[in-house]
Amino acid sequence: MKKVRIGVLGAGRIGKLHITNLVQSVPNAEVAAIADPFLNEETVAFAESLGITKCSKDPQDIFSDDTIDAVFVCTSTDAHAEMIMRAAAVGKHVFCEKPIHTDLAKIRGAIAAVEQAGVKLQVGFVRRFDHNHKKVHDVVASGRLGKPHIIKVCSRDPDHQPMSYIATSGGIFMDMTIHDFDMVRYLSGSEVVEVCAFGAALSGAGYEQYDDADTAVIMLRFENGAIGVIDNSRASHYGYDQRTEVHCDKGCVQVSNDLDDQAMISSAEGVEVAKPTWFFLERYNNAFIQETKDFVDAIQNDTDTLVGAKDGLMPVAIAMAAAKSYREGRTVRLDEVLG
Amino acid sequence: MKKVRIGVLGAGRIGKLHITNLVQSVPNAEVAAIADPFLNEETVAFAESLGITKCSKDPQDIFSDDTIDAVFVCTSTDAHAEMIMRAAAVGKHVFCEKPIHTDLAKIRGAIAAVEQAGVKLQVGFVRRFDHNHKKVHDVVASGRLGKPHIIKVCSRDPDHQPMSYIATSGGIFMDMTIHDFDMVRYLSGSEVVEVCAFGAALSGAGYEQYDDADTAVIMLRFENGAIGVIDNSRASHYGYDQRTEVHCDKGCVQVSNDLDDQAMISSAEGVEVAKPTWFFLERYNNAFIQETKDFVDAIQNDTDTLVGAKDGLMPVAIAMAAAKSYREGRTVRLDEVLG
Amino acid sequence: MKKVRIGVLGAGRIGKLHITNLVQSVPNAEVAAIADPFLNEETVAFAESLGITKCSKDPQDIFSDDTIDAVFVCTSTDAHAEMIMRAAAVGKHVFCEKPIHTDLAKIRGAIAAVEQAGVKLQVGFVRRFDHNHKKVHDVVASGRLGKPHIIKVCSRDPDHQPMSYIATSGGIFMDMTIHDFDMVRYLSGSEVVEVCAFGAALSGAGYEQYDDADTAVIMLRFENGAIGVIDNSRASHYGYDQRTEVHCDKGCVQVSNDLDDQAMISSAEGVEVAKPTWFFLERYNNAFIQETKDFVDAIQNDTDTLVGAKDGLMPVAIAMAAAKSYREGRTVRLDEVLG
Amino acid sequence: MKKVRIGVLGAGRIGKLHITNLVQSVPNAEVAAIADPFLNEETVAFAESLGITKCSKDPQDIFSDDTIDAVFVCTSTDAHAEMIMRAAAVGKHVFCEKPIHTDLAKIRGAIAAVEQAGVKLQVGFVRRFDHNHKKVHDVVASGRLGKPHIIKVCSRDPDHQPMSYIATSGGIFMDMTIHDFDMVRYLSGSEVVEVCAFGAALSGAGYEQYDDADTAVIMLRFENGAIGVIDNSRASHYGYDQRTEVHCDKGCVQVSNDLDDQAMISSAEGVEVAKPTWFFLERYNNAFIQETKDFVDAIQNDTDTLVGAKDGLMPVAIAMAAAKSYREGRTVRLDEVLG
């Protein structure tokens, strides 16, 4: 079967990650070209080391290449929606990093373009492809424990990002919790109808100067009646803490963290076990490969992607509702945000 | 040193538990008398088997016995406050099962009586004496992890109580979450200032006919800035699920459940481990003994009890605020309830 | 039903433990009398605090008391066999601490006396009554995993005994591993036919001066074909390490240690969990109660005890074979020892 | 820095694994050529898909290619030693799958050739590169727990190999335990001086017809005084069970299995956790990559390989001693085998 030819838009950290995975781990894909407005020698050398010779600064070089079937949108967030629309306009399938945009109208525009063009769209909510969270999902979806009652997500980053990053991040709910909003939709199999968020700047790192929080707890109510709860911290200090749990009619399924190793060291001083893996690159390495494979397979087999248009829209809307709840000190219905 | 002589008011299930523990496990106490309005032959036989010969139907027999130093109030909840006041009036120390009352004015009256009389009061929030939760508390209180940011409590009962019990229980927040409200105060070392509660009747067992919930998630904000979250279910089906966790400035301390055993059974069919212990009598057996010892020690050594008057008042107020939040669909400040 | 009246011979540490358990936790037993050649005021006071008024220095006071149904033999080891024979001679049931003797002829004499008299004998291999090891036994005995192939026991004491104790202990195999020899018989449901023991004095504490080992590994072959292995250390330093495992035809059952608590403390420094409980009094507290209850029940219901005469003989024989293997550097058949 | 050019001898399952890893995961290596006497179209296509165009049936094509720096010996076991000698003769470094040979003289000949030629030799004991076992090694080697006393290895394959394989496997000690013999040397940091092995054919699969065992326990004594113990089963049925543990002067370090996931499913039926990963390809996937990287780095940096000549010789000698012990029913000194 013909390989899926891919153009990658944006070759920063996440772009390079996808390129490497496509080349090394997705046999039915090939990276045909890279376009990055900040293209430099280091990136060209990186590309060459992987056998990719077509590099440019202009995304149009990819859009106008008729041999290219699909694009990976790994540019800065504010260009995502535009890239989707340009790709759709020339009939190319799109894998887009999250979020599509922080403006719902822009997201809707991009989705409309994709639907009109009949191309596939997959949004990069990578955690759905992690073996642990997928196991929780699969057990819930199998129905063996009955209907879900409580969806719990613990999500803590290992350490603070620079304050310069925080300044333009869009706030904890849009920047960090957005992954968890996707996760609770995935695990519950239902849509969020209302949200109440508590947040606080407790770490002393300076989030308060941006009216932002480093610590948050968010409650959610789902269409199917289930209740969700997420707790977030910007700095766990012990590693990437990513636990999910669903309590159902007949029991509970939960996953703890992947650890650096399975060692236990016992002495008079105490008993020591391994830390969780440090951050998302270590924890979700295989999930990044898997989401890429699934996207390429969806193109080859002409099936739906596992994270589609609505999955690109809803977490942004929930993040907006959570931020509104946090600012206004009240429960916010999704309707208020979705219009 | 002279043994502390105790009169037990109410010899139902919890009364008998305290009597047995006092006799068998608290060497510096003796049960001098039992008073229970429903006294029957079975209870008299139970008492005799433990060497207790003074049984009556009238609590006055205990209040008027000058050789008795302290009472255990194990009557029905609506009589707790009155019993405390009568005990205080005759200078007897009081151990009172929770809650003191569901009316804050009554609680305040009882507390005022106790304070005026200068007698000791301990409220039966037994979980503070559990080795696991105490470990979480002690690590937080030691300051080694810095200030608390997130206080998490998971609390699920193994199975539904009869609907006849639910009808008069006062609702999930007053009947069940009240223990968790005490726990978050204990673990955070701070007072709750506002509460937001989501609840739902999802089990099909019929809670909705009493406007009650079988499933709840409650967010709390503390004076020290920390955020708390509790999740409750009336029916886990796999046992008593009681986990606590505090995420702090420098890390996290958490406890999982005590299990029936440490066995792991591995075969082609899968890997099986033990369930959590079934319910509170199994899980908190040692904690019940410990709270009794501590109360008796506090009397002998004339020290403060570990769960005092304010600890009797605040969880009831938080439960009222949570119920109000649940009914009104909004965040409720404790001020609104405490006046 | 009439309570079983018990006389306790020897009121040292283990005697006092059994007395306390009998009084507080075995409702169908009563301690009628205590005899201890070293009886002192402290022991009399201990007895009185539990309501036991008959104390003497002469065991004959117990043997000649016709109201006493059974004795607990908690004397020094060298007197065990004689006490059993005297008890049997006057028709009293016997609970005897392990080992009955370190001379097989003496054990056989005691067993013959017991059998002739038709009284019950239970030997104090307490670990059979532990919830964890019993679970392993029960899973194996149920047959759900098929026949046992490998029986594994890890048994490490928390710290060295005084060298004065080691000097007269009889050596690691007779003093310490003897419990494990009982355990492998219990778990395998089969008799040991040959043994090979490696031992070494590695700790620097001085075991070599008594030709004794502080570290040992012992392989065993069972009649049913299974292979066993035990590893021992006199000093784990992290607590009492007592793990058992049976690998069977269709899978494996194993138990890890009971821990002080279920806490996990995570920070930049690492992740810390609780130690195993410190020593046998903490670990096997409930097992001590259970073995006592079972003995008393066996008398009341006239059923077999769960740890009988052969269970008193065989671990001693295996210990002798292991010691011989250790000294002679070869595999030793049980026949060589049993004659 | 110039890439290390590698010729792969033998392109069966393990050869293909190394080729894939070298191409995809070892940037400073390139696979220059493949030689396999059974070369077929499928292998040529496999090679081409990885950009390798030089394939032949004759190893001489590799030995005579002066641009090739090193060879991977992945042929059938009986050809290993000859391939090493031919590679050494033409000055090529050698990575050789285990065992070098089952005849000590042949191994010694190969080692002598390598040493004379001054080329590097690495033997494929892949488990040394596993994150778990390496952690145990590193903790022991760091000395923080003092000297090792007990080295324990549990090693069970998930299921029986075909009896046709068993017929020519060389027996459980040479075929399976050989990895564990390497492991105990690695973990103890010391040489084995004597061995005692118990084995049995218990599964009913038919090992007895080859005088072979499906179940074994092996005790080992080390030069540094430590005692080792290995337990083996050919068929765990629940997955690849690979646990290691070292008890030292001041405490213990142990590793349990990597699992398929971190999920726990709790319901009235029980609590279920994930199985160990199924077999060595799943469990040691990263270790295979790591050993390859380390070999290539050793060549580029001219450092010693981590698994050298003596590591190729000693496990075979220990396996011979264990087999002899099993057959003769006695402890065997390594001297008897090594001469």
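Going by the order they are written in, the chains are A, B, C and D; count residues from 1 in each one.
Note that in this section a contact is a pair of C-beta atoms (placed from the backbone, for glycine too) under 8 Å apart; a residue touches a chain by one contact, two chains touch by 3 or more.
Remember, it's a predicted structure, so these values are computed and weren't measured experimentally.
A.B. asks: Using C-alpha centres only, name the chain that sits farthest from chain B.
C.D. replies: Centre of mass proxy via C-alpha means gives D as farthest from chain B.
A.B. asks: Where are there more C-beta contacts: B-C or A-C?
C.D. replies: B-C
A.B. asks: Taking the mean of the C-alpha atoms as each chain's centre, how many Å separate chain A from chain B?
C.D. replies: 42
A.B. asks: Rounded to a whole Å, what is the gap between the Cα centroids of chain A and chain C?
C.D. replies: Chain A and chain C have C-alpha centres separated by 58 Å.
A.B. asks: Indicate the whole-number Å distance between the mean C-alpha point of chain B and the mean C-alpha point of chain C.
C.D. replies: For chain B versus chain C, the centre distance works out to 39 Å.
A.B. asks: Could you tell me which residues belong to chain A and also touch two or more other chains?
C.D. replies: 236-238, 241, 250-252, 264, 266-268, 274
A.B. asks: Considering only the defined contacts, which chain A positions touch chain D in the complex?
C.D. replies: These residues of chain A touch chain D: 24-25, 27, 49, 51, 131-132, 135-136, 139, 145, 250-258, 260-268, 274.
A.B. asks: Please name which positions on chain D make contact with chain C in the complex.
C.D. replies: 147, 149-150, 152, 154, 156, 196, 198-200, 202-204, 215-217, 219, 221, 225-229, 231, 233, 236-238, 241, 247, 249-252, 329-331
A.B. asks: Inside the complex, what are the residues of chain D that reach chain B?
C.D. replies: So the residues of chain D in touch with chain B come to 236-239, 241, 264, 266-268, 270-276.
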